[in-house]
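I'd like to ask some things about the structure below.
For clarity, chains are labelled A, B and C in written order, and residue numbers in each chain start from 1.
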């Protein structure tokens, strides 16, 4: 019952139509579920993206506008700075576009941009700002210029790639031993590895820091990488998949005088590719998103990963939301990009592994 | 591609030389050890040893961060955690917040897992139909699985705030504003909703694999007899899918017991302690901020691990049972 | 051949010497920093100027999020690691890890004279160490949306008005102007400590140990819960999160949804850039209780860390950053209240053209003398975090309606007793 064997049946199953031509109630329900799923899954992300382009002042507005808007400003003769433009309901009931000179308490002094000699004194409730779309790109450019963005990005990339490669090798080797060898204590080791899933990571942070410090890995990217490479989930996932590889294949190879190491990398690894791909994706995702652990191990900015570097906008007393939202979007993009590229591979891979 | 793989092949050969010697000298048992060694080494140094220290912490007190400076206090921390007049009323306990967390977590596990399984099942059934662009739709539902919990929490918080997008929508439709994150019931609802939102795709894909493994001649027969769709679902699909469902149930409940990150960003455990879970108790007691009580946090984590081990044993038992069933088939 | 060898040896030695000297010449001094506003940029610029003038030292600013700093710095310090210099809020708690700069700085008398008032908070009890200086002093106090008062035609309560008078006034304003939140107070033990002291809270018993839930404390705590129940305060701040999590109401205030916002001087810079001209915001004197009208002092310090490998260079950097012109520029550009006696006496020319900012800064500066000794005492207590943590956790539950006030008091006392027990082991 492997994913590979399944796909043929799936294809056949797919190519047949249900009730030719007629629309069944389940068809309607299906599309309703799909469409609402689409809105629910992507809506929040799009909203985050749009919000990240708003100015700090616009972010706090209620009701929020869909697009990033800013008050339109006009240059008026006789005034040094551009003035904000408002639509004002005058006392005689007419509406006019006026520029505001200044506001004093609850009255505002307005001027007609076409004829700067005409001024009006109006209550502030009578005016509404004239606004135009203007994305606040500075939410992105300012932090990215201020920080060694490329450096952070490079560190994140290094940690993610190296950790993922080591994770794949180390875990597949262990999974191979646990799946294909008979030895005493095998069940015990397996149960032991899985049972460590039960301890939330934050609990062991302080003892783990002790270990890292003792090994001289404080302020080293290896201190971020090494503790993460032996994941119980990875061993479990790969072992379950390897169990489905028939032992006869190994026996045949042994008859041909293949060494165990050759069997591992020439037969087992290629056959486990779908499960390895799933683990790779999860590993990339975990390592890219890691925050708390790198933070404790790294205190120098030239070693910061993207997640640490871009999170520095939360102060003790103030959170600079406009930067936080923009930088959240930035850290999200690579994951979304990788997913976009490998989407087909990932989703079929997980379905194929099936976590038997 | 060939050229690219050449150095890998060469490297593998190189590693193979000493390993060949190991195999000749120590036999297959030696090779098992070789394959296990790197994983177990990393595992012992970076996971098992720290967990051991954590066990020691749970029997100590004091303000020191590292084991050397801590004082042995026996089971004092456990006694403090378990001191209750009635376990059903958190406020009768000396560590009322711990028990509030236990209660909330229990409720969350039941409600979230139920909602998750239902939503994932519907999604899997939908994705299993002959729809246009199946790959695309699969990706749509899976996409949030890739986001970090912090991003998920932040994104939804931004929507659910008093002045957030959802309230703007309500107001524009002529409804009253709702304080989603200040009302205990709403807050719990959204914590559950958001965690289902974030993990739905993963479980849906597992269930989809289970659905696709059901032999289609069963459906053919049902169709010949003109059985209505709902009946087919209850009588054929669900029973045949049951083994996969069990796996999803157990996996989802282990995850649910450990709920923390996204909920913490979203509600911070509030209002009051309405969405305050065990892991947040552990985190706040032992690790957040200057006021650390490592001993108490460690003891709480040990109690939680105990519950989780029971859940996992259940999962392993179920998996073993399934393997046997499949062997029979 | 021999000659060649000698020549090569000489060249090699020279090269080694040169590179060795060069390596010695450039010493990194690392400052762990966090930012609430623009101060990160300002300190970077100031450090850059120092690096230009001192080719042998390279100041590096490692800037991280404040919550991250709170979590990681103590762990690093406990294992003898960490930066050379750090910007720290929990000064009394971390004081054992600070470096004594007294023998290292150029002129200890300058430090004593200008930072003397704050040094006791920044060093282990009983020592006379110079460990650093305050990057900012803060004073708690309320801001009001004056435009709303004008629209509602409600007069501003006078300078000695009580909390009750203010609460009634802002409620009236909110009702008249349909503003959703009449009064907002930061969800922080530090922010309510001032009002509690104003109602007579002492925080400590006669034996010098914390005795928190006295009569003065209860008077204010009762008001807090009542205000939440009668709609004077919104539960969206105090009721929404759990534990000791901080929540501010800046967004709501900026947005004109709050009539009175009890926070502190650090908000000024942020209000100036965000509120712009939307309404008139004004800092008002701290309202009074039965006993006094005390705000709470606070702030963040820049301190040298004991575990540095280059104490000499650290001292030079600290001397530079704490020197009058540099510090003056820092305060003037960040709009922080100065913690340097000389600068404070001569007055600052804050770099802003917003009149509201100047007014607010002078209002806060005028509050400093009214700070009660009780406020200074609790603020320099090493277990302050634990005390305020228990207070805010339990009062938060009382506000959310989970815990009757009487039980909340009992829980506060028990939580603090537990913390004291652990700390005393």
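Just so we're on the same page, a residue touches a chain if its C-beta (ideal position, glycine included) is under 8 Å from a C-beta of that chain, and two chains touch if they have at least 3 such contacts.
Only a predicted model underlies this, so the values are computations on that prediction, with no experimental measurement involved.
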Centre-most chain [mean C-alpha coordinates]: A
Highest C-beta pair count, chain pair: A-B
Approximate Å spacing (C-alpha centroids) for the pair chain B, chain C: 38
Whole-Å gap separating chain A and chain B, where each centre is the average of the chain's CA atoms: 18
Averaged-CA centre spacing for the pair chain C and chain A, given as whole angstrom: 33
Chain A: positions in contact with at least two other chains: 60-62, 205-206, 210
Shared-contact residues (touching 2 or more other chains) in chain C: 71, 75, 79, 251-252, 255, 257
Chain B, residues touching no fewer than two other chains: 65-66, 163, 287
Chain C residues touching chain A - in the complex, by the definition given at the top: 30, 32, 34-37, 40-41, 60-68, 71-72, 75-76, 79, 81-83, 89, 146-147, 150-151, 246, 248, 250-252, 254-255, 257, 263-264, 266-267, 270, 273-278, 280, 300
Chain C partner contacts - residues on chain B that touch it in the complex: 61-66, 71, 73, 80, 91, 94, 96-97, 162-163, 179, 181-182, 184, 187, 267-276, 280, 284, 287-293, 295
Chain A-facing residues of chain B, complex: 12, 15-16, 19-20, 23, 28-29, 31-32, 35-36, 38-40, 42-43, 45-51, 53-54, 57, 65-67, 122-123, 126, 129-131, 134-135, 137-144, 146-151, 154-156, 158-159, 163-165, 167-168, 171-172, 197, 202, 205-206, 208-210, 212-213, 215-216, 229, 244, 247, 251, 254, 258, 260, 279, 282-283, 286-287, 294, 297-298, 301, 304-305, 308-309, 312, 316, 319, 322, 326
Contact footprint of chain B on chain C as seen in their complex: 70-71, 74-75, 78-79, 90, 93-94, 235-236, 239-245, 247, 251-252, 255, 257, 383, 385-386, 389, 393, 396-397, 399-403, 407, 411, 414, 418-419, 421-423, 425
Complex contact set, residues of chain A against chain C: 56-57, 59-62, 102-103, 105-106, 124, 146, 205-206, 209-210, 213, 218-219, 292, 295-296, 299-302, 304, 308, 311-318, 320-321
